[in-house]
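We call the chains A, B and C, going by the order they appear; numbering starts again at 1 in every chain.
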Amino acid sequence: MERETILEAQEVSKVFPGVMALDHINLQIRKGEIHSIIGENGAGKSTLMKVFSGVYPPDAGCILVEGKPVVFKGVFDALKNGISIIFQEFNLMPELTVAENISISDLPKKGITIDKKQMIKRATDLFDSIGIKLNPNMLTKDLSVSQCQLLEIARAVGNRSKIIIMDEPTAALNNEESELLFDIITQLNQQGTTIIYISHRMKEVFDISDRITVLRDGKLVCTVDAKDTDQETMVKKMVGRTIYMTEKFHGSNIGEVIYSVRNASVPGLFKDINFDVRKGEILGVAGLMGCGNIELAKKIYSLIPEGSCEQRLDGKTLSINSPSDAMSHGIAFVTDDRKNSGIFEKVSAKENATISILTRLKKLFLIDVKQERKCFADYVGEFQIKCQEDQMMVNLSGGNQQKILVSRALMTNCKVLILLEPTRGIDVGAKYQMHHIIHEFAERGIAVIVVSSDLPELIKLSDRVMVMCNGEQMGFLEGDDINENCIMLKAAGLKGGSV
Amino acid sequence: MTDKIKPRSVRSFITGKYFIFVLLIFVFAFFAILAPVLCTTESIRNILVNASLTAISGCGMTFAITLGGFDLSVGSIMALSTCIIAKTIPTIGIPAAILFAFVVASLIGVVNGLIITKLKIQTFVATLATQVIIKGIALIYTGGLSVSVFSYTQLKAFSSARILGIPLPVIIMLLVFLASQFLYSRCRFGVYLRAAGSNEKAARLSAVPVDKIIIWAFVLTAATACLAGVITVSQVLTASASTGSTFALSAITVVVLGGTNLSGGSGFLGGTVVAAIMISIIENGLTLLGYSDDIQRLVIGAILIVSLTIKMFMSPLVKRGEVAA
Amino acid sequence: MNSANKIIGKIRNYFRNHTILLAFLIMVLLLFVTTERFRSMDNFLSILQEASFIGIAGLGMTFCIIAGGLDLSSGSMIALLAVINMMLLKATNSFLVIFIVIFLGAVLGTFNGILVSKVKMPAFIATLATFYIFRAIAYIITGGNPVTYSEKWFVWIGNGKVLGIPFSFLLMIVLAFFAHLILTRTRIGRTVVAIGNSPEASRISGLNNDLATIFSFMMVGITVAISSVVISSRLWSANPRMMDGYEFKVITAVVLGGTALEGGKGSVFNTVVAAIFYCSISNAMTLYHVDSYVISIVTGVILLLAFALNPIMQIVEVYRNRADAKKSKSGEIK
């Protein structure tokens, strides 16, 4: 039984200077379905969603809502036509209360003043109807990241839209909260709301979708029923070539223990963590969101002042009070949030890469430009980074930016390399290259610590996996025990699997 | 999991919103001991009247800063208002002159707002430029000379009249404060102001009329500056285009000392008024003790630094931005 | 034919990074053609000299703004340093006074830097406070009176010429050269640029943010000190009321030159050109007997235009940069 089309893109194209973000897209979304859109970064998913939700107009083609062509002059227009969108970057106002954020587009009035009671009631009613627990009087800036995500979802639900677009909604949620989200989605769907869902997490996509659309390089590759296909086929269509997801790296050059951490604790984040890493080994640190693995990595690199930890490198006890201390001892770090704490946007690619080793590049008080260029060129060649040396960092793709950040860390000739979410937000091709780079450098003798929420990645890369749960160390997994099952069991705090 | 709103300890109470109140008490006590004549009713009246100028303009400025911006042109607007009033009284009489000044000031506020919203220039820079332009206009208008209105003694009533013993400027200050507070906490304007000040992009996407709010905020800063100008010209009965060169900075100082956050999104009008009173106490106290204008400015600058330093050292680590919340 | 295209391409690219230079050349051409008195060498040289009074301080301010900060106290700083300079010269007649003044400038700048980096005051507020404090100190130590000193050797600094070119202008060029080297080819200079882009990324990369912040304010202090020597030499005197509104002119020169207020990118060379541009306009207006009050209005309008264009130019630059990359052979960019 074919449902009618509620939202349609006809020959939609969108051009940004130098790039065709959307190329004659023809897509029909059916009423009441859950339709997922997948594709690599840069494939056009977010752009298409922004066109659907009124953030920008298409340069060619048109959008039809319930068969009628519409022109949106802004997000508010789209809202009036029944389309709501939850962005990846939160659109909340931190200094407003939760209730104010919910009602901001339509503040209840009592004469010339605001009806605050009504505002709070609206918020509480909304939360009750979907099962979220948030305090309407709390300031939004005091909420945790996952609470913000839930608030965004509540806002979209509160708009009573016919169509809700969700862009990576589970990125900030833990398992429990993701389940809550899926419950909400099911509930909305039963009430007749159409959901358009964007995600990189294939498992989720297959769990909830009715149909899946694949975008690649701005073009629509195919739209299929979820039950008629499988993950590997979809990935193939996204990338255009076959990538063996089952590849697994094994360290062949693992030596003695070179780096040890003892009694690492930060009140409120994690407690009594102890581990060793050997030369040439890749240690994965797994766990659910909020388990403390990312904070642990930040603590050992001295980005968190509270708490304590003892570190030994090459037998020597280290006293680390700042990132430059850590670097001088041979520990390097690559952030998970490259936009805010990784790249220097307006600086050239070359200078972004060499920023940590400037002291070494000096010749008579000044930086030796020739040496600098050579250093950079070496890494460009080795990592196949596609860019000009004086291009502004902000113009590079996510994958190239990430490669440069890793180059920056590796240029310091570090003995220990800490990577946080090394392939977050980069396309499948670059991901594959990044994994090879990490493995290659481990083989050359570097002790690598990888903290990642991408389980398949962790499984592929790691020689050993340390699992954390709620700030506690749950144990180590080696060899055949490194698999989704064992890791998830430990991460959930349940007994089982090897110690 | 419903979260409770964080409980207040004494320390966070003092270093938080009400820091300026605590500081006011200390400052008053300090000067009262050194110069007991400060405590007479006459002296207190003086202090409050003095404070009213910066307090009134400070209320308008609080709106601008809550929005995340600054209005550096208020000094020039005040000067221009005094000149307009002084020059037009002979032809159209006192009430009309004042009204005319308000109209012009409000128009300037609209222009400021348009420059910021249409030309997309940052507030700091836009008003830095308009400050110079308005001063230039005032100079041309008066030919660089001061204009006197000595003969219009009714004008003096504005600053010297008293109701129930309270000078009129102080009453005006209270009224402006109450009106501003009402606008801020009970009307949509206040919510929109905080929304646009904490995340402009999100506010726009949420259909908050950000551009209109910006224009209104700058109209209010201009209007309050004009009001300060009315009081000034009524006090001294002359007008000059070169007055008010540090007025904008004084207004910003009282807003910041009062506790309004510079990054926008949360304004504290009560703090602004209290800070204005505190600065006035310092100025009057130092004058009574025989210190000149320059020393006064030095002290105010030093207090600004010291109070913010204390606030920083006493606030929890999270606020300092060293740890992610 | 191909090599001609290449040269054109290189010229175009150069002007993209130095738009102010293009604007300046166009303006000079226009004025040259239309205004007779503008054509005199004397006039042009006096413009260069005027430009150095703002331009030298502009060099330091460029550092400060690139780092994401702002120094509102430079007007008060220059007055304070100028009166100290004159008072010390009167007392000792020694050339070493100049070095002491430069050192003091560094101290004042460092004070601002410490307020911003260690006490974590927003730059606007910290320099607002020192704006009050420095000038008040100047009033106090002079009792409000001007201080004069007119020994020949000293007066030459602000008025003298070398091979016909004003010494202060040559000084500015030499200082600009060193400033450029420091900004682009030293670790501290790169750190200044880094913190203007992302202080967090800078910290993670092992750089010392606080040191760079303090350094950028110290550069303002040093260059303002040098300017104070030059200006008090030009005027043969200094008084605590002097250079009111100076910080406005200096900041204008930096932003007019294309350095964005949010920081992260900038060029000292552009600041120098902008200072000359700014002074040329004032000069042109004076030649046209424009009322001085109107001149101040016009300079305000110019500032507005410069700021209105600045964000547009930044965006244009980003897109052009991206497009250039796409055109080049070395692979596709997503």
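Going forward, a contact is a pair of C-beta atoms (placed from the backbone, for glycine too) under 8 Å apart; a residue touches a chain by one contact, two chains touch by 3 or more.
Keep in mind that this is a model prediction, so the values were computed, not measured.
S.K.: Pick one for the touching-chains graph, please: line, ring, star, complete, other.
M.R.: The chain contacts form a complete graph, every chain touching every other.
S.K.: Tell me which has more C-beta contacts between its two chains, A-B or A-C.
M.R.: Pair with more contacting C-beta pairs, A-B versus A-C: A-C.
S.K.: Taking CA centroids for every chain, report which one is farthest away from subunit C.
M.R.: A
S.K.: Provide the C-alpha centroid distance between subunit B and subunit C, rounded to the nearest whole angstrom.
M.R.: Centre-to-centre distance between subunit B and subunit C: 31 Å.
S.K.: Using CA atom averages as chain centres, what separation in Å is found between subunit A and subunit C?
M.R.: 42
S.K.: Contact residues on subunit B for subunit C in the complex?
M.R.: On the subunit B side, the touching residues are 70, 115, 119-122, 124-126, 128-133, 135-137, 139-140, 144, 245, 249, 252-253, 256, 262, 292, 294-295, 297-298, 300-302, 304-305, 308-309, 312, 320-321.
S.K.: Can you tell me which positions in subunit A touch subunit C when the two form their complex?
M.R.: Of all residues in subunit A, those touching subunit C are 17-19, 41-42, 301, 303, 322-324, 326-328, 333, 335, 340-347, 351, 355-356, 358-359, 362, 365-367, 369, 386-388, 391-392, 394-397, 399-400, 408, 412, 427.
S.K.: Where on subunit A is subunit B touching in the complex?
M.R.: The touching residues are 55, 75-76, 79, 90-96, 100, 104-105, 107, 109, 112-114, 133-135, 137-138, 141-143, 147, 304-306.
S.K.: Could you pull out which subunit B residues touch subunit A in their complex?
M.R.: 1-6, 186-188, 191, 194-195, 197-199, 201-203, 205-208, 264-266, 317, 322-323, 325
S.K.: Name, in rising order, each residue of subunit C that touches subunit B in their complex.
M.R.: Its residues touching subunit B are 115, 119-122, 124-126, 128-133, 135-137, 139-140, 144, 240, 244-245, 248, 251, 255, 261, 291, 293-297, 299-301, 303-304, 307-308, 311.
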